[in-house]
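You will see chain A twice below: alongside chain B first, and alongside chain C after that.
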Partner chain A sequence: MKRGLSRILLITLSLSFILPMMMVLIWSATVSWPFPEIFPRGFGLRGFQEIFRPGSPALYSLLTSIRISIIATLLTLGITLPGGKALGIYEFPGKSFIKIFVLAPLIISPVAIGMGVHGTFIRMGLTNTELGVVLIHIVPGIPYGIRIFTNIFELVGEDLEEQGKVLGAGSVQTFMHITLPTVIPGIISAGSMIFIISFSQYFLTFLIGGGSVQTFPLLMVPYIQSGDRLMAASYSVVFIIVALMVLLAIEKTLRLYYRKQSGIAGVFYSRKKVRS
Partner chain B sequence: MTEVKLQNISKIYNGEETVKNLNLKVNKGEMISLLGPSGSGKTTTLKIIAGLVEAEKGRIFIDGKSVDHVPTQKRGAVIVFQDHRLFPHMTVGGNIEFGLRMQRVPKEIRRKKVQEMLKFVGLEAHGGKFPGEISGGQKQRVAIARGLIVSPKVLLLDEPFSSLDQRLKEEMRSFIVDIQRTLKITTILVSHDKEDALVTSSKIGVMFDGELIQYGTPEELYESPKSLEVARFFGEINEVPLIKTEEDVIHTVLGAFRKKGTLQGFEKGSKLLLRPEAVTLSKEGNDYSSDPGIPGKITNRIYAGEKTYYEVEVEGLRIKASVLGRGIWQVEDSVEIRTLEASLIVCRGKEADNTMGAHNEKE
Partner chain C sequence: MFKVNKRRLKPYIYLFPVISILLFVFTLGLGNSIMQSLGYRPGIGLYEVTLDYYREVFRSGGFLSGLLFSFRVSLISSLLAAVIGVGIAYLLVMQKKEWPVLQALLKLPIIVPHLVAAFLIFTIFSQSGFLARLSVLLGFIETSREFPPMIFDTRGIGVILAYLWKGTPFIFLIVYQLLRTIETEMVEAASNLGAGGKELFFRIFLPLSLPGVFSAFIILFAFSFGSYEIPFLLGPTVPRALPVLAYVEYINPDWTNRPYAMAINMVLAGVSVLLVWMYHWAFSRYQQFRKGH
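Showing the complex of A and B:
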């Protein structure tokens, strides 16, 4: 009885993810599909041809989007990794307050934050610039990064770093050879999340970029709003594939780094199983 | 070889003094132990020597030079921790190689040294495995090898045997003693197990509540402990109840003893202690000894293989005794107790006067 229930829930949940995706996929490959008809009138790749046509703004904005999101992700990781470490390991006054305070971007609406920052950015001349957009993209990612790294460092502690220092590793070496590899899983999950948040950001990009920084979502949303289902679906498919590819690339690179850290022994000594 | 000296070291953690005015000198190439119950400041002391923890007061000298401002990575004091702390993302070989890699030693030399070290600790076949794939004892060897490869000035061992089973423990003890004797590295071992300290070290320091109570050779600590606490830490002990003391004779429940030899140090407030193995039991009415025995009755017998432990009731007091092998006495047997003057331990505790009838406290 219980198993049947959980199976039904599982199927419902899966369908609720897959069906809309299927619709988007089908839509992206139709010629037209007027409302009451059950089947599309024909299949074609007009949407993709439009996106990938030479000189298309979509391609250009795709590159802008990837660039902005990767830089924003790196910066956010650079802030949240040490931040999470401090919150996870060290004791200092006001720690519990700061722990809640860094979650503010989750609690307060991005509109409010964006509006507040907008004024400052105007004064600093950061509006309508890519740098401004990168900076504002850091904000929504911070709570996720901090949360993940705090938990990881609470778990990992300082033991291995102490051991590294004792064996003669300086601060930079300790970080590169011990801290970083031990938190790789955290970097992968936090990095993916932060990248996706930045990559799909519409409102903050629009507010700070003022339309002159054209990211992919900025081109995509008007199609969705105007009801051009075919173009919207094509954009969505490209969006999903590119996001997945970048995430995969991030993960592969980090895994490679992790493996390199295992030491020469991994390469030079055979991994024969020895019976003892 | 290196000499290590701690001078008036104090450390305060959360308002509590975990190390109190510690003075310690370890000679070149010597292996010593810091012994004490958990929470007595031993591990903190190791971390202070390695520079992982900063002391509030005092100075540390390695080879006569103050290292108070030398960062951990340049002190040359390597700690091997109780929980091994192997880097999980590196192979066994990679772990051992780590210290050399940090010193930017060329790859070929690194490879050669790692191979040698693997052989030295008997792990040639395991260089390519990851820490998760080897046993506890092997992990311990890796941790030691990883420390040794950087030729540390001082080797600090934090409870290296506590996570091992008895057989492995004995094996590792002699392994470490061998290494230490071969390489002559100045070594400080921290343990809560008296046997670890007695078996491995040329000197032992006993720590209670952050204070170094006594520092000396194993024989000194076992045979002439400074306080009842220290004596108890090295095993079961009887406190011999006193009746009265005269000019040159001490009258106790276990007989009268002349103040000569070690007993010369006896003064008002001193205690007389007696190890269970120094109590001789014999048949009642046994008269081939000129020394009259004290009559007693066996109240408890515990057979432990290599030894048999007894409790003997003497004038309402319980005296602990032990004999090698299987003791012939059974509960309810009447026996005579005899004690040699030479085996009595005099200890001048700061505790209050030892009045008659003081009981042996049972731990």
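Showing the complex of A and C:
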């Protein structure tokens, strides 16, 4: 294939996925755009004013969403980091089975999972509570956390930790100064992915939260259903910008920490890079 | 002696939290669903185990057409996503420059939630959407009704498009990362020996990326087969996608309807277990393949 042709094909294909996003951006900033006009009648920020007006349910639900997703992300990281370490470093009976089992939430329908645990959650008093929503949000993030940490620990191994222990570091010291700094890149990518999954969640939130836990996606759906494109578009834009901002904040804070701690880990990574 | 035991126990201790959560969800959750789907509901005094609910579910037209709809929509959207995703990745690898801006923009749909993807498809493909407006402008149609329905339509075109829009960047990302690691020497050697674009694609790029594409395809298929949001917002009421149908049965105020919802859920999970098996098969093949190189 000629270079020019392949370039045109690449750009056309990519644009057909990138341009649709412009539609949402344009809709969010219109005043009115009746059919069959091809251009909006005017531009304004009514949708955003409605979302950010003081005391608006949207603003409140945005805070609820961020809170739930950050707690769910921290909990998921907390359980998948040691799990990934076990799968990445050690050999033990049952390993291959567990490796498949932890992928199950990626494959089995959240509808089946949600309705399955719904009864148990009711009996435990977890439905209609934020705690219940946080707990159910952990499930879909597990496969991503496990996969990323398994890969990282397969690469890093246990040598550095052993050396630290030989030199007299305790478990807490080893974890804080060796394990954590070496897996920071994994925490950033797994954390971002898990946050996005939880932040986007709709079905599990409304099933377990029962309408009492109003997250941002829950408020957005009625606008999409009723065809209120201006509001639906404004919600979408706010959603994407907030998600990007949180992801950026996660990355920046952790990178800062990483640089401070990177004495040993930095050396390790640069060495790996040179070798490969 | 004790030390050896502790060392052996270590991975299990590390895995304990994550495994106990998954066991809780899957044994209690799916266990409950299985019992209810078999009509065993001690809570309301039903102890008889029966396959009647499955029989009835399979006999009902709504279920079969829903199963077919879900299967068709998932298969078409994941296949198209795989083909286009591989295509974009291959075209990008063949460029001299890395095109970082294009790459970043292509990754953006991954963080866009499915709800927004559904809305986005709606603004473009609905009968009052952008394409309909364009058709009016070009004189193809006069009223919005003349525009072929692609949203809420029985063929599920809108649903397919929404999954395609979300899935393609996912495949692209996985394949592009795989293709980039292929040594340039291998490619150069091949082109020195006279391999053209076609040979490079079919002899080097495709075989090396196929296992990754396959597992990504399985993930996409399973996701679109089992998720609720997109068919709920863009799908038709007849036939209903299986996850939507299961939820409709579930919230039916008549409690005796519950077992039907659970039987549908078991079919959803059953197809998924089949997929896990295929995924495992693909993954082990992939590992062997990598070891062979």
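Following the convention adopted for this analysis, the second predicted complex is superposed on the first by the 250 of 276 C-alpha atoms of A that agree within 3 Å, B and C clash if a C-alpha of one lies under 4 Å from a C-alpha of the other, contacts with A are read in each partner's own complex, and residues count from 1 in each chain.
Rule of thumb we're sticking to: a contact is a pair of C-beta atoms (placed from the backbone, for glycine too) under 8 Å apart; a residue touches a chain by one contact, two chains touch by 3 or more.
Given the structure is predicted, the values throughout are model-derived calculations rather than measurements.
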item: Chain B versus chain C as contact partner of A:Gly119, first or second or both or neither; value: second
item: Partner chain in contact with A:Leu256 - chain B first, chain C second, else both or neither; value: neither
item: First (chain B), second (chain C), both or neither touched by A:Val139; value: second
item: Which of chain B and chain C A:Gly168 touches, first, second, both or neither; value: first
item: Which of chain B and chain C A:Leu160 touches, first, second, both or neither; value: first
item: Chain B versus chain C as contact partner of A:Met245, first or second or both or neither; value: neither
item: Chain B or chain C, by number of chain A residues touched; value: C
item: Which superposed partner A:Leu63 touches (first chain B, second chain C, both, neither); value: neither
item: Contacts on chain A seen with chain B and repeated with chain C across the two complexes; value: none
item: Complex interface listing, chain C residues touching chain A; value: 8, 10-15, 17-19, 21-22, 24-26, 28-33, 84, 87-88, 91-92, 94-95, 102, 105-106, 108-116, 118-124, 128, 130, 132-134, 136-137, 144, 165, 168-169, 197, 218-219, 222-223, 225-229, 233, 243, 246-247, 250, 261-262, 265-266, 268-269, 272-273, 275-276, 279-280
item: List of chain A residues in touch with chain B within their complex; value: 159-160, 162-170, 173, 177-178, 181-182, 184, 258, 261-266, 268-272, 274, 276
item: Residues of chain A that touch chain C when the two form their complex; value: 1, 6-7, 9-11, 13-14, 17-18, 20-21, 23-24, 27, 35-38, 78-80, 82-83, 85-87, 89-90, 92, 95, 98, 100-113, 115-117, 119-120, 138-139, 142, 146, 196, 199-200, 202-203, 217, 220-221, 224-225, 227, 229, 232-233, 236, 239-240, 243-244, 247
item: In the complex, chain B residues that touch chain A; value: 50, 52, 71-74, 77-79, 81, 83, 85, 87-99, 101-103, 107, 110-111, 114, 125-130, 135, 146-147, 150
